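Got some structures for you, see below.
One chain, chain A, links the two complexes that follow: it is found with chain B in the first and with chain C in the second.
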Partner chain A sequence: MASQNIGQSIPRIDARSKVTGQAPYPGDLAMKGMLHMKVLFAERPHARVKSVDTSQAEAAPGVVAVYTAKDVPVNEYGLQIPDQPVLCGPTLTSPSGRGDGVRADIVRFVGDQIAVVAAQTEVQADAAVKLIRVEYEDLPILSDPVTAMKADAPILHPDRGDSNVCVHYKIRKGDVEDAFAKADVIVESEYHTPVQEHAYLQPEAGLSYIDEDGRVTIASGGQWTHADRAGIAHALGLPEEMVRVVYPAIGGAFGGREDLSVQIVLALATWKLQRPVKIIWSRRESIIGHGKRHPVTLKAKWGATKDGKLIAAENEIIGDGGAYMYTSNKVLGNSAITSTGPYFIPNVKTDVYGVYTNNVPGAAFRGFGAPQALYMAELQVNKLAEKLGMDPVEFRLKNALRDGDTMGVGTPAPNPCSVVEVVEAARDKFGWKKKRRPKAAGRGGAKNGLPPIVRGRGFAAGFKNVGFSFGYQENCWAKVEIHGNGKIEHVVLHHASAEVGQGTHTVMIQMAAQALDVPTNIVELKTSDSATQGNPGSVSASRMTFMAGNAIKGAAEAALAKWEAEERPAIAEFKYLAPRTTHMDEETGFSTPNFAYAYSAQAVEVEVDTETGHVRVLRVVAADDVGKAINPDLVIGQVEGGVVQAHGYAVTENFITKDGRVLTDQFSNYLLPTILDIPEKVETVLVEVPDPNGPWGARGVGELPFLPYAPAVAAAIHDATGVWINEFPFTPERVLRALGKI
Partner chain B sequence: MKQLCAVNVTVNGVSYQREVEPRLLLSDFLRHELNLTGTHVGCEHGVCGACTILFDGQSVRSCLIFAVQADGHSVTTVEGLAKSVDQLHPLQQAFWEAHGLQCGYCTPGILMTMIPFLEENPNPTEMEIRQALSGNLCRCTGYQHIVDAVKLAAEKMR
Partner chain C sequence: MKPAPFEYHVPDSLEQALALLKEHGGDAKLLAGGQSLVPAMNFRVVQPGVLIDLNRVSELAYVRQDGENLRIGAMTRERTLEIDPLVAKQSPLLEEAMPHVAHPQIRNRGTLGGSLANADPAAELPVIMLALGARLKARNVSGERWMEAHDFFSGMFTTALAPDEILVEIELPPDLPHTGWSFMEVAPRAGDYALMGVAAQVTLDENGRCRQARLVYLNAGDGPVDAKEAAKILGGEMPNDDVIEAMAELVSRKEINPFGNIHASSDFQRHLAGVLTRKALKQAIERAGEDGLQ
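Moving on to the complex of A and B:
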């Protein structure tokens, strides 16, 4: 009889250690004889480092070592391309003579690092950092990507070409000019989406040491053990086998731990000193030191016919990549894919640019380029529906991508495409009724006599690829051991996936138990160690359930075959390869960029105080097609958490920079939503349209609930007030300005 | 020479005597001197609530007071909640059963905020629970499962 492990909300396997305070987070780790590290950050957006004098710091009490650029064997790193110095300093070439020769003498954002101090105590390390003397020559600050694109702008990475444009994707499908001539209605708008800070509650920290096999080992938070290892090994000039990455408990990630932060400098000090070294970043260091959600400017011109068919979309999207590439190329690729929304549009012209500036780098963050593009696409759809006098839900259903419809990239989304299912699910649960007459029609703008409190409702949809891809061969490793004699008594699953709070370890145990038809309580997980497990890929792009599930299924089947052949214990490894994808064509974008997608829709009700500008979200209905909810409570947790994080993005979190400097560098001035700020009611509808390649039909969930929220709230504010606000967060000041009150 | 101050403090029922620097925060004292790392530090200035502990039975942010201020007082951290390894506090049990956490970093601070709240108000309404949680940040859960866990804990504790 088949066991019932899939679809059960079993408790998290890590909950006990987390409620008792026993779960070890990176900052909790300690070893005998360990040193404490502090970093000297550049704290200036663009400058040439003329000299670094560490002599006073080296002589300070308790200091064991001070390292600068000249000490880093291969002084460069980066997840996509190695365009960032580990430490900035006047040394132009890496000591090893290897690497592409990133100009290490240039500081390109406030969070660039100049030196690190290892001392007996943290207080001593901190005191010594203040004794390091650095001579800078300040350079012109490029804080605006549009300025940085201009031909006469100073070039931030001269070794990477003669332009600051580091990413350009094109989509060319049909003939937009011809289609605009045939369109009955056209909507043109410009949108701005803000920076968002990940603000995981556990700031970057780690402990490095030499393990029993002589490997330099880094215990820190991350999202992909093997990518961390590759980046650290590269910078240290070591073979990867000499570097080991292990993950203790991780206090949130959301994309912000994909790029390296403390790991290389920790490893450098431990490798040179052969001693354990610990670091904990302060909250401020975390905020200036790691990447952010890209702020994006989006210009759109969309056309539709009077019978309600979308016929053309022309988009120009400019993403601020900040100082270094990080994952801008991948993030903005997703912006290109999602720039037409989950709709069939026969004529599309999209240009997406990523631009180097002196801002904190744009990086991975839940949604990965999709929230920005969907803000534009969904508001375009709402505005067109209004102009046509159509209900926005009906308009979406008329234009929803269906099986076989081509996306902007000229190929269909893999079947089954469930836009209609999620839109209908959100509509029905919300009780969305068509209005006889669009409220805003004929209203002469907002400021004429709005009552103090007005309410409105809004709708938006979204979609997101599962997995990286765009030609990259997605893969994931797992190993299964079956122990026992006559019957299976104990199972060991080996998998290096990062548990960042999303529940992946619990879900993997459920999937292994299901694949072997055993109860979950006999499955033991060995995890998060690059030295003893194969490459799991990243916990990002909503991919891990899909990828790990397939890897576990493959390993379990192979182990079962050995078990049946009487092997004891029966042990098998498996590397899952996802269906192949292709790169976007440089001129047209033509491609099959992804092997799976997941779809979502939301309906919201808001209340706007027209006297204070305060926006309250009263109710959210979130419908997400996750394919199959392996653990429904964990999936609902992802939805509720995603909606609230999106509420921060849309309403409360106002990240302010000035000339490349971060002004909101603490939790007291960067306002995360508290429980009293959030939507009063979040109702989750789990839609389960199985993906034929997903394990038990699963697609993915992590990013989905984030996607439609900001445009749905914008549409609701419009419904309530009659004004479209093309830029967010919807702070009281911005709302009052839009209402003409200030 | 740095001046050191004597601290006599009872933590989780055990009395400790230490000499500390006057500016050492209670959070750092608990974490680094006593190795009670279940008290987490998230923002270092009293916004996030992750470092909340019980100070003579009341919820206090341990990043906002000095270790020397604990002299002569009684402190309870998350490590002191469970009666034994096998017997969790009903509040801990409820957070486990009701999925009241994801990454878990905010959890100890939330538990230590809810203990005196539930003692004072064993039968809270949902709105009272929300108000009591409003000084603690959680970046993962969206708070609903935390509210559910507190409700379940209240049932268990009645």
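Moving on to the complex of A and C:
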């Protein structure tokens, strides 16, 4: 009897409107009488704002209003802590007298905002912004976290203590010193991972207006309606009920829309003027204005016994948090959890630091701290296997976390733990055989010894939590209405989750249809409106299928009960609460940080041109345990998209900053991979080991395929050339230098 | 962003276009394929007061054999150069270089004249013109003049064209017998402007000695760089690995002057010049030999 909605690749419900251009993105919205807004960015990494003179801008043609720090009722915001001024200016106290999260007179990165202009046309707003006179006193620039950690470094947030270290996590398990003494092989290395720009297709944009109930309403891209609303309401000094956040179609997010960008200043202008206001950031404004993937320095010392058992890992990880906290505390917490890879290691000592600098803030980005930590962990594993003369896949299987094995934090991952399954699946699909051929020439030997084109293969694994971590009570709301008489004719699902391109809305309809045993075409979705729907949580942490699925199931069951009790229409709400998690202990990291994980492994084949340094990836086999693929085509889409995005991270993109300034501030010099640069072949293996708490067994997928790619490519380059490259992206010049050719 | 406001003219004939250009002089820009000009206008790097669109001047779009020379109109699309059989026959070097110019979508719009007038040191077509010994014809309202490719390019994004002149035609001479060619480049991503590139033409005599050689580099200075000294080494010699090595060394150490960029140091560009010189010379010599030599 049960309908077959789960496991079916139905077409995306938004496919037609997006392909035909009908779906309205924030930049497409317009309203009668709307004004256009432009921002004056500080464009300097560290300075004190001595004065801001807006008189000329105010008198310029078409200008309706110019706002500065003194106009923001509570001049502070931040997803984790309110440590960023909405607008920087000499005004030290917010007009409302509330809010003391941050000193507003200091500019801490190039993307800090000084003023906004609302004018009749965009050109007028742009011209007026250029007439604003700002007097700055430049301050010393901290562009390197290691320098920023030193005792004599200037303090960027003096009101938050006497250090720029804003995050420190410790993991202490067993006794690493004792274990190193017993180890037969030890590998010590230092790794550097780069900044990455989200590069979503649609730059930040939005339209704000007063709705029919008098609420200030912001239509923009985002990842979490209710968190956006809370941040906007706080800064405007308004009760949350007076603020409404709605999402039109969203042109990608990848974590970069978790933090606010245009929303507060739009709402400010609309609230003061009681008029619609629109803004679109340019690509350059987007690149300097929103947070990035944290660049991280990782030092590792790992030991193993000659029979191939990992026995100790000691790690020091320093993440550049940039100017403000954003989600650094959570991102780097996740680096701590994943710093031992998906392996059982009895003795672990890890220290993770997050540091304030004058760089563009580190923020959420697909993988959320795991790609950096896993680059280190997976290369350590590959290097140890090499030293032991063991096959790297065999070595992984020997050390894989299995049910009941404790992670670094001292507790096991929830069952079932499927590292072995994904590693074996990737191995088998790839046709990975143990090595027979001799090792390639090493550095030095490489110079003369290598043919122009060499090939190699590499392997890496990864894991990632599904859902929010560290003691946050995970929750997600849904409402289901059942309409009809004798039989169910129409279903309305209410859920505020953000469709950022991943397909969440389609999957939610499939899950609602399954829960009610009806076909998907009678399910209607009302979505992405903070005024009419409950809190969905963010589309992040690979969580929305898991969380929304459980919420929908709960609401559907409750509505069905009412339906059976003859209520017409039968309407029920449900708030799903996930299993509890705990904080990391301050001294030892002991905790149950997460309630669910998903696992991933990849095998890749690369070709290296030893004369030009170009790395081409020929083949990728990606095995991901998603628990249950609700819509297999969408899962494969996530895997292929994740691999492509990881290819940019690993090989082509190369985000460059100098003294806090962004040099790669356009797509002409930030080199996203094109269709001609990406791996030639990506083969997805869907592994389905159900999570007992997941809806229909689902875990999550969004971040998984990103995780193993960079270390797998590094291992393949080593296999091809004999050289380990501890820093990426693997740009041609970096590869040639590693080969000793320049 | 959008361009600054401008006045727009779309003449149907070359005469009209020349008259408009004379009238508006320095304030006007010619619009060919727009693949370089329009982005620059959108970023407001250039803000012409007047735009004269050449896309309806159909008399400037042709590829035509004229005796032993090939004549190509300035408004000929880059895509045409890639697929035209006359081009392939007359100048296989040009045909070989075309797929490296940007992406197909851009080649569908971009023109030969636009690329040459734009004089980007990283562009392929100026380099090919030097390597082939092309001649370029410019016109203004009062007449025409011919220039050697060498004299046309005068520096970074600058040419010998006067403000009232339109580049109208490019003349390609035939290759000498026993001429081999090669075009090679290295770009960060497929279709990007290259970090380094070389066009090589090598002509052998009946005995297999080099009669004449030409090596021209892109992104190696402030215009196409003609490595005359290196080419001289090969003159009169039987090509061999030692000579090629000496040429590669001379080029990469001395004759080019690459500037580097944020993604690539000039040392890396010099290394690439050496690699490409060796490969391109070998290929050109091999092809010259295939052309009827024992």
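Observations on the structure shown:
Methods note: the second predicted complex is superposed on the first by the 731 of 742 C-alpha atoms of A that agree within 3 Å, B and C clash if a C-alpha of one lies under 4 Å from a C-alpha of the other, contacts with A are read in each partner's own complex, and residues count from 1 in each chain.
By definition in this document, a residue touches a chain if its C-beta (ideal position, glycine included) is under 8 Å from a C-beta of that chain, and two chains touch if they have at least 3 such contacts.
Not measured: the values here are computed from a predicted model.
Contacts of A:T674 after superposition on the shared chain: both chain B and chain C are touched.
Of the two partner chains, chain B is the only one that A:G501 touches; chain C does not reach it. When the two complexes are overlaid on their common chain A, residue A:N654 makes contact with chain C while staying clear of chain B. Using the contact criterion defined above for the overlaid structures, shared-chain residue A:D633 touches chain B, although it does not reach chain C. Set side by side, chain B and chain C differ in how many residues of chain A they touch, and the one touching more is B.
Within the superposed three-chain model, A:E733 lies in touch with chain C and out of touch with chain B [touch as defined at top]. Contacts of A:S282 after superposition: both chain B and chain C are touched.
When the shared chain is aligned, chain B comes close enough to touch A:Y25, but chain C does not. By the touch criterion defined above, A:P536 reaches neither chain B nor chain C. In the superposition on chain A, A:H614 makes contact with chain C only, not with chain B. In the superposition on the C-alpha atoms of chain A, the part of chain A touched by chain B in one complex and by chain C in the other spans residues 282, 674, 676. Residues 1, 186, 188-192, 195, 261-265, 267-268, 271-272, 275 of chain C are the ones touching chain A in the complex. By the touch rule above, chain A contacts chain C in their complex via residues 282, 611-614, 652, 654, 656, 663-664, 669, 671, 673-674, 676-677, 731-733, 736, 741-742. Chain A makes touch with chain B in their complex at residues 9, 11-12, 14-25, 27-28, 30, 198-203, 249-254, 282-283, 500-503, 633-634, 636-637, 639-645, 666-668, 672, 674-676, 678, 682. Taken together, the chain B residues at the contact with chain A in this complex read 31, 35-45, 47-48, 50, 77-79, 81-82, 88, 92-93, 95-97, 99, 101-108, 111, 130-131, 133-147.
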